[in-house]
Every structure is written in structure tokens, then in C-alpha cells.
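Pasting the structures in now, so scroll down.
The same chain A turns up in both complexes below, where it pairs with chain B and then with chain C.
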Partner chain A sequence: MAVKIEVGAGGVPHNQILIYGLVGSIILIYLTYLNEVTNTEYFAFFGGLACVAALVWGADTIKHLCSYGLGTGVPSAGMIALGSGVIAALFGATTGVFAPIVAIIVAAIIGAVCGLLANHVVRMDIPVMVVSLTELAVVGAISVLGLIAMVGGTFNFMDLITGTTVVLGFTVQSYGTSVIGGSIVALIFMLAAIAIQHAFNACLGPNEMQDRTLMLAAECGFLSMIPIAVISFAFIAFVPALISLLVSLIGWFYTYMRYIELSKRDAYAWLDAQPILEPKGGA
Partner chain B sequence: MGLIVSIILIIVALALAFFLVQMAGLLALVGIIIGGVLVGFGVHFVPVGGAPAAMGQAPGIATGVAMLAAGAGLAGLFGGAWAAPLGFPLALAGGAIGGGLLMAITCTMVNVVYIFGMGIPAASGKVDKDPITGDTFPEYKSQGTEGHGLPFISWVGGVVGGALGGLGGTLIYLELLEVYQAQMPALFGASVEQIAPIAVSLAGVFAIGMFLMNAVLAAYNITGTIEGPHDPKFKRFPRAIIAAAAASAVAGIFAIGLLELLGVF
Partner chain C sequence: MEEIIFGIGITALAGALATIAGAAEDTESDIGSQGDPNSQVQLAPQMGYIHRIFNKAIAGEPPAYGLWVALGAGLAWAFMAMQINPILAIVLGSALAVFVQGVYATTAYLGRTASLAKFEQPVYIDILKSMTTVTMAHAFVAIFAAVAMCHLIISALGHPFPLPLLGLVWGIALGAAGSATGNPFYGKERQYQEQKFGAGVPISASGNIVRYAEAGERNSLDNGFFSAKLGGPASGICFGLIVFFELWRTVVFEPIAAGWGAVIVGVVVILIFAIIDRYIEVWARKTFGPYVAPEEASS
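Moving on, here comes the complex of A and B:
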């Protein structure tokens, strides 16, 4: 039974958000590379910001895809996005400095194949299916890679699989205490998957507003950054991890307050049963 | 057209696997494709009710495919990964039992809530008679609903679906683990025990990813809700099998070839 999902019209065009999201997240994710250039770990938090930029774009893509009434619920779109994205992100991570680019290309391939299969084999026949699943896979790959870079300070595969432990005062190299060996990727997978689908799942329906949905997406992104920042204390130095934590907390607080503000703006017109006003934030 | 493209994709992926990791890679990719197909097929058995089921207006478990598949698949993976050191057949059995057990508990508790909490009897809207127990449904079905509760056939379907999903997910995990355990020690100059955390972690997260991809493609095939193996929508499963095979082949080739580009750049 297909449930009709209503979305608000207008707002910022999707293609504009796509370009901002893609370019912005690539630039932000490459800013974490400053860690290796300057041989510090202070720039790790840019990975989380790349994830937030990608999630905002992904929430808008999900809005476009799910407005066709897939009948499977919005979370399924987030799951397929991260399912294909995580493979691409880890495959990309093995290519050193080209990691984000390779991850995006691989994600686009997997996403396009999923979209083609969904449209032509499973016969969904949804016009935006191929484009949306391609975008979602890319978003998934960037989110995973961004959060990996945030927790480990780098997106270089060799650095992600080796960690150090202190045994009896000696520092020992160990694979088990690394970002990948410690299965942090599985946690990142779920944090990003929930963040990408929650925004539209929570805001859909009549009077859905693009700015409110996207603000919630950013809020979810910062919320996912907080546990990742806490985990990063185990992998990077204390001060860089503290910076990550502060950035995520401040970002979360700001976006949360803004989201509550926008919710009140939209709810007011409904509660008082007034005619629907044209909101200033772009309907 | 879709069928031809799928077959071409599978053949290209198999050829690439053979080219990259020789016979072991080819066999691993075949295992991954079989695992993906089992997941896609298994989802069709699970009685997914969605939002209408939550209001007692449609039969099935009151949530979406993605959530149910994630639950059954992860439970199966835990079972299978725990049993992995005990050998291939035991690990597969552990995965199937893990997934099936989770669905059995879920389906039982769903009916407990429906019958004792909401006070509604189990009645299918798609068939008049339960194919297994022979119970009749029309006299229990409320007007204006598509049925409600979880009839026995749906319960059996849920358990079979969970078992197939757990089996498929575990098969993907085991095949990837084998590939990584063969490649990594030579690549990193470490013993199999030392690289075990990375191999297990990578194989696990890729298995979850492929599991969810196949489950969502199968969910698109049944357009969200299905009552179980007696539902007319069940007959659509060949399409999902083709889609799952092709999607697993494409995702699997990147997972198998993960370490091929390492150190190139």
C-alpha cells in the first residue's frame, strides 16, 4: 500500500543544493588532509562538517525520491544509500590522497546500478530513481569517509588499520585498536544512515518546508558528530578531539535552536487555524 | 532489457573477480551473489505490514522492510560470525538460526501485542484459508480493513525469511572473510591472527551494506508491504532475485578488489 507523502513545493532548487553539497563536502573532506601536510590532527573536525554538508544534500535527495511514494518508507532510502556508500568509501580509502574522488566515482557506479535495477528489473519506473540512488550512494560514501576522517584524523587506509596500544609501558603496534579494526565503521554506518533518513521522515506531510527539513538534516548530522568526536579521543590527540567535540556541540546547539524556531514558525499557522501564510524562509 | 543488462553486469563482475584474485575471487563472488539472492528471496517471506499494520488495518509486522531486514540480518550475522571458527557449515547454520530466531521472537511478540494488547484476531485479507492450519479468515476480518494480526502462515513465512536472510548475510560475510584472510597477511607482513580484527571488521561491515542493499531492492519489488508466502505479491520474487544477483555482483567486486589499489597511488 503506497502511502502518499506530501512535500512542500518551491524553496532552493535541488540542483543548486546538489552542487553546494557535492563541492562543499569535497572541499571540507580535503581540508582534513591538512593534518598530513602540517603533521597535526587539529583539522579532523572538517571530516564531520563534510558529513553534515553531504547529509543536507542527501536529505533533499530523499525528499525528491520519496515524494513519489515508494511504499517502503523513507528509512529504506537511507539504508540503501549507506549500504552502497560504505563499500565505496572503504574502497576509496585505499587510494591515498585520491580517496574522496575514487569513493565518489565508485559510489556513483554502485548507486547507478542499483537505480537501473530498481527501475528496469524491479519495475519501479520512477523517473528520478537512477539519479536519486546515484546521489544517495555518493552522499553515503562522503558521510562515511568524512566521519572516518574525523575519528581517525585521516582517510588513508594504512593509517586507519594500524593503532597503538601501551603494554607494560611499551608502545605496541596493533591492528585491533585501529579505526577499522575496532569496527568503528559499523557505528559510523548506522549513525549516518539514521541521520540521512530522519530529516525527511520526521518532517514529511502537509506544510513540509524545505528550510525546516534541511535544518533538521544538519542537526542530525551534528548529533551524529558528537559520539564520533567522543570516540575520536581514543584515536587522535586530546586537544584535536576536544576541538571536534566543541565544534559538534556548538553546531548541534545552533542547528537545534534554529530547527525549533522554524518548527514554531510553521506550527503557529496551523495551531491557530489561520489561513496558511507564505513563510519568509521560502516555501 | 533489464535482464540482459543484469546478466552482462554479473558476467563482467565474475570476469573481473577472476582477473583480480584468480579462482578464489571467482568462487567468493559466486558465494556473495548466492548470499545476496538468498537475502532478496528471504525478504519476500517476511510479513511486512508497515504503517497500516500499526493501526491494525493490515496484517503483518508493523514496520518497514529496512528495519526488519536490518534486525534479522544483524542477528543472523552475529550468530554466523560467532560460529565462524567452527567451520563453514556450522557458521551458515548459526547465521540461519540467528535470523530465524529473531523473526520467531518478533512474530510471536507482535501477535501477543495484537491479540492481548489491541484485542484483534489474526485474519489474512489475501486468502480465505490458512494453507497450513486450515483456519478460515473471512468471519474474523473487520470491515474496511485488509485483514489484521499475524496468521500462522505469516509467522512461518517470517521465520523462513529470517533464516534465509541470516544464511545469505552470513554467506557474504564468510566469503569476504576468506578473501581478506588470504590476502592481508602477505600484504601487511603479519599473521592471520594479527590481521583478524581488520578482516572481520571489513567483512562484517560490507556484509551489512550488501545485505541492506539487497533487502531494499526486494522491498521495492514488493512495494512495501506483503503478508507472507501466500500473498499474490510473492510471485514477483524472480525480479528481485535478478536485481539482487546483479547488485551483489557489482558491490561484491569492489569488496573483493578492496586491496588491489592499495599502495598504487
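Moving on, here comes the complex of A and C:
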């Protein structure tokens, strides 16, 4: 017997979240470009914040898409979002300063094609499928690009495929020690794919509340930033990486505490070491 | 010749690590009721069966383990790039990955349970306190063994993939092995041990999972104990054999016919296992099954 997927009604309209998510994440991802302008690496953490903004939007999109009864489809939605997004993000990265814009356009095309295939070839016939998969692919592209910018300090493709390594006291450039050559992108793919679907996957049910789900999405985003900040110690200077780590930890702690408060608010009862309370109507 | 003997030694060691990883992975996921058993744990309160079982739904096991192992491997790779000793790097990477896993587990339980308020399912906060740590401990063993295996494959057998990518591939395989092999012990049998053996789960019994233990109320630590006895070792053998045969055929047969030898041996191994599986299934149905005709067994 399949579990019926229900979502709570009300809350902020989806289109409003879409606009805030899209504009906010583009602005935040362009703030990492200050690294190139000022020739430092202190602004890398803005990439992670762009990812958080995109994930909040993406979680709300998944909620809309999966309210059409896609129970086990929730994790799959995250996978297809990042699968489309990672291609667009890597293609976009080759275009220099236009990277975020190009990535979003390419992702939207890939997402729309996926949506049309799902609706007309696989015949899933879900009204919001095309729009949702387009949005999800864009979210995936921004997440990947944001986390890449955070770990490497830049979204410039040439800098992402050249790393430096020290051999016998000499610094030499090598592909194997770069962000892409070291397959850190594979890790970013999984981090964002699990983070984007977890918020709705964890909160689905008849008492789902939008503010709690979106707070969890933000928490997942900050949580994903923590390991990325740790890995960024291998690519960018110590102080910028430390700033990234502190921003991630503070953001994660705040959103986690808020999420627990909201869960406490919504729970039927909050018990510690109590026996099973059989329901009043009887089992 | 010496190279091949060395390769087979590494293969055996990687297989042993994989066995440990598989056993720990299945125990971890069963304590959290992840994968196969999850739908019934989620359904039970909706049918009026309030329970004290941990419900941590973090995607399916293969994507979740793909992330944990890729995370452990990615962090270990970064620590090694910072000139940290590989063993220490793998331990630190796995520890950080387990932190992420633990946080995901708590948010999943809180979210799922709070959204079931309509059905009067309370949040039992002691479940989080006592069981999250146990799943994290098992996850650490699984992640550490899997990442160590990947490092061994790269550094000793010269695999061309970078560590995070190999971690992702083998992590997904690890989750799939545990999900397919170990979970049915808990999801199909233990949750429904009150039903007649082999009877399947009729619609009327949906959500009616076993909620009381030998003494007191069943919680997920009891399920961990059960999984460590049956499902865990079965998953361990499954994943260990996968890793062992995969590496063994490559190490021994790759020089034959420009690599095609390894491919052909791989196909032969799959065929042999398909025949063994079919034989065991038919034998088990005849020996243990209360039903003779297959159409009745699927009711």
C-alpha cells in the first residue's frame, strides 16, 4: 500500500519564492566574482549562500511537483535536477563572466526537454511537470556552480581544471589536483542532490508546513556548505576557507535550532522516554 | 607473476573491507528503518498503530550511501592533498561524513513525525538521543571501510579514477547491496512476524507492524540487534563478493585479449550466480514454503 502524499496548504506563494530564489542566488553567485576583481579569495562563501537560496526555492518546487502523488519520486526529482544542472553548470563555467547566466539558460533548456519527455513519451501527464523540471534544472545548475565557486574560489573553467602540487619543493600545475580533476564535482553533485530532495522528503505528510520545510531546506544547504568549506582548505588560502567554514557553521546552527523549534511547534506531543500512547479512537 | 599475487592479496583485503562495510551498512539502515521497511513504519500511525521506531528517511539507501561514501572520500582526498597521512585523512573524512549523516537522520525523524501529528504520533525525543548515535557508529564503520577499500584500489591496484568519484560509485553499490539483500529480513519478516510465514502482507495487515518486544516496547535498537545477526552478515557477504569478483576478474584476466578476458569472465560469473540463485530459490520454496503453487504464494 503506497503512502498517500499530502502537503499543507497556505504559506508564501510559490511564484514569490521562485523570484526571490532566482534573483537572490544570481546576485549571491556574482558576489563571488569579487574574488577576481579584488584578486583575493575572501568572497568564496557567497557561492555557498547562492546554493542555499537556490535549494530553498528547489525544495518548494519539489513540494509542488510531488504533491501529484510522487511518493518514491521525491529523491528521483533531486537526482534529475542535479543531473541536468551539473551539465549546464560545467558548460556555463567555460564562458567566463557570463557563467551563471549561460548555465541557467542551458539548464532551463535541458529541464524543459526532460519535462516534455516525461509528460509526452513516458506519459506521466502531470500538469506542472515541464515548469517544475525546468525550475529544478536551474536550481541544480546554480547549486553546482555556487558550491564550485565556494570550493575553488572561482567559477572560471580554466582555474577549475588546473591545481597546484608541490614536487621536490617546486610548485607545479596538474589536472589531478584541481576541483574538476579531483572529482570534487561528483561530491558536490551528491551533496546538492540529497539536500534538494531531503526537505520535502523528510517533511511530507498531512501536517506538512511550508515554513518548516523551507527552514529544513536552508539547513540542508548550510550543512552541505560545511564539508565544502573543509575541502576548500585544499584549494584556497587559509583565512578565506576559515571564513567559509565559520559562515557555514553559524548558518547551520541557527537554521538547525529554528527547525527543531518548528518541529516542536508542529508535533502532536514532544515526549522524552514515555511509553506508546495508544490513540484515543483505538487501533 | 609476483604482480598478480600482490594484486590478488589486495583483492582479498578489499573484499574483506567490503564485507565489513556491507554488514555495518545494513545494520545502520535497519536501525533507522531506511529503505524497504520505511513505508510500513511511515504508514503505521496512519492506521492507528503508534510506535516507538526510528524513522529516518533520507532518500533511498543507494543515493544516501553514495553521498556518505563520496563525502568521506572527498574529504579524505582533500586532507591528503593537504599532506596529511592517508590513514588519518580517511578517519577524519569518515568522521565528518558521519556528522552530516547524523544531522540528516535527526531532521528526517523530526520532520516525518511532526507531519504525522494528525494521527497522534508523538515525537519521542529519547529515540533521537539513543538511536542516532548508534546509527552514526555503524555508519562510521561502513564509510571508513568503504573509503579505505577505494583508497586501496587506487593506490595499490592503480585504478585511474580519483578517490571521490570511486567513492561515489562504490557507495551507491554498497547502498544497493544492503538495500536488496539485508533489508527484506527486517522489512518483510521481522515487521510482520505475527503474520504466518510466507503469507505476504495482505492489505488488511498494512501498517500493523510489531510494536511490542519481548519485554516492553520494541525500538530500533532491537532491530539493530536482529539485523546484526541476519541481514547484516548477508549484506556483507553480498557486497564482499561483488567487490572481490569485480577486482579478481580484472587483476587476473585483464591481460588476456586486450581486456576482453575480464569482460568475458565477468559475464560468466554473473551466469554462474544466476544459476545458483535460481537453484536456491526453488529449493527454498520446496523445503520451507507453506504454499506449493506460486499463484497462492503471491497473494
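One rule holds for everything that comes next: the second predicted complex is superposed on the first by the 262 of 283 C-alpha atoms of A that agree within 3 Å, B and C clash if a C-alpha of one lies under 4 Å from a C-alpha of the other, contacts with A are read in each partner's own complex, and residues count from 1 in each chain.
Rule of thumb we're sticking to: a contact is a pair of C-beta atoms (placed from the backbone, for glycine too) under 8 Å apart; a residue touches a chain by one contact, two chains touch by 3 or more.
Quick caveat, the model's predicted, so the values are computed rather than measured.
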* Just chain B (first), just chain C (second), both, or neither: which does A:Leu245 touch? -> neither
* To do: Could you tell me if A:Ala186 is touching chain B, chain C, both of them or neither one (first, second, both, neither)?
  => both
* Using the superposition on chain A described above, determine whether A:Val130 touches chain B (first), chain C (second), both, or neither. => neither
* Check the residue A:Asn201 against both partner chains and state whether it touches chain B (first), chain C (second), both, or neither. => second
* Mind working out whether A:Met79 is in touch with chain B, chain C, both or neither, as first, second, both or neither? => both
* Asked: Regarding the shared-chain residue A:Phe157, is it in contact with chain B (first), chain C (second), both, or neither?
  -> first
* Looking at the overlay, what does A:Leu223 touch: chain B (first), chain C (second), both, or neither? -> second
* Asked: Taking the superposition as given, does A:Leu49 touch the first partner, chain B, the second, chain C, both, or neither?
  -> neither
* To do: Examine A:Ile260 and indicate which partner it touches, taking first as chain B and second as chain C; both and neither are also allowed.
  => second
* To do: Return the residues of chain A at which the contacts from chain B and from chain C coincide.
  => 1-3, 72, 75, 78-79, 176, 181-183, 186
* To do: Name, in rising order, each residue of chain A that touches chain B in their complex.
  => 1-3, 70-73, 75-80, 82-88, 90-91, 94-98, 102, 106, 109-110, 113-114, 116-124, 157-158, 161, 175-176, 178, 180-183, 185-186, 189
* Asked: Where on chain B does chain A make contact in their complex?
  -> 1-3, 5-6, 9, 50-52, 58, 64-67, 70, 146, 188, 190, 194-198, 200-202, 204-206, 208-213, 215-217, 219-221, 223-225, 239-240, 242-243, 246-247, 250-251, 254-255, 257-259, 261-262, 264-265
* Give every residue of chain C touching chain A within the complex, in rising order. => 39, 42-43, 46-52, 57-60, 63-64, 66-67, 70-71, 73-75, 77-79, 81-82, 96-97, 99-100, 103-104, 107-108, 110-126, 161-165, 167-168, 203, 206-207, 211, 217
* Asked: Once bound in the complex, which stretches of chain A touch chain C?
  -> 1-3, 72, 75, 78-79, 165, 176-177, 181-184, 186-187, 190-191, 193-194, 197-199, 201-208, 212-213, 216, 219-220, 223, 226-227, 230-231, 233-234, 256, 259-260, 262-264, 266-283
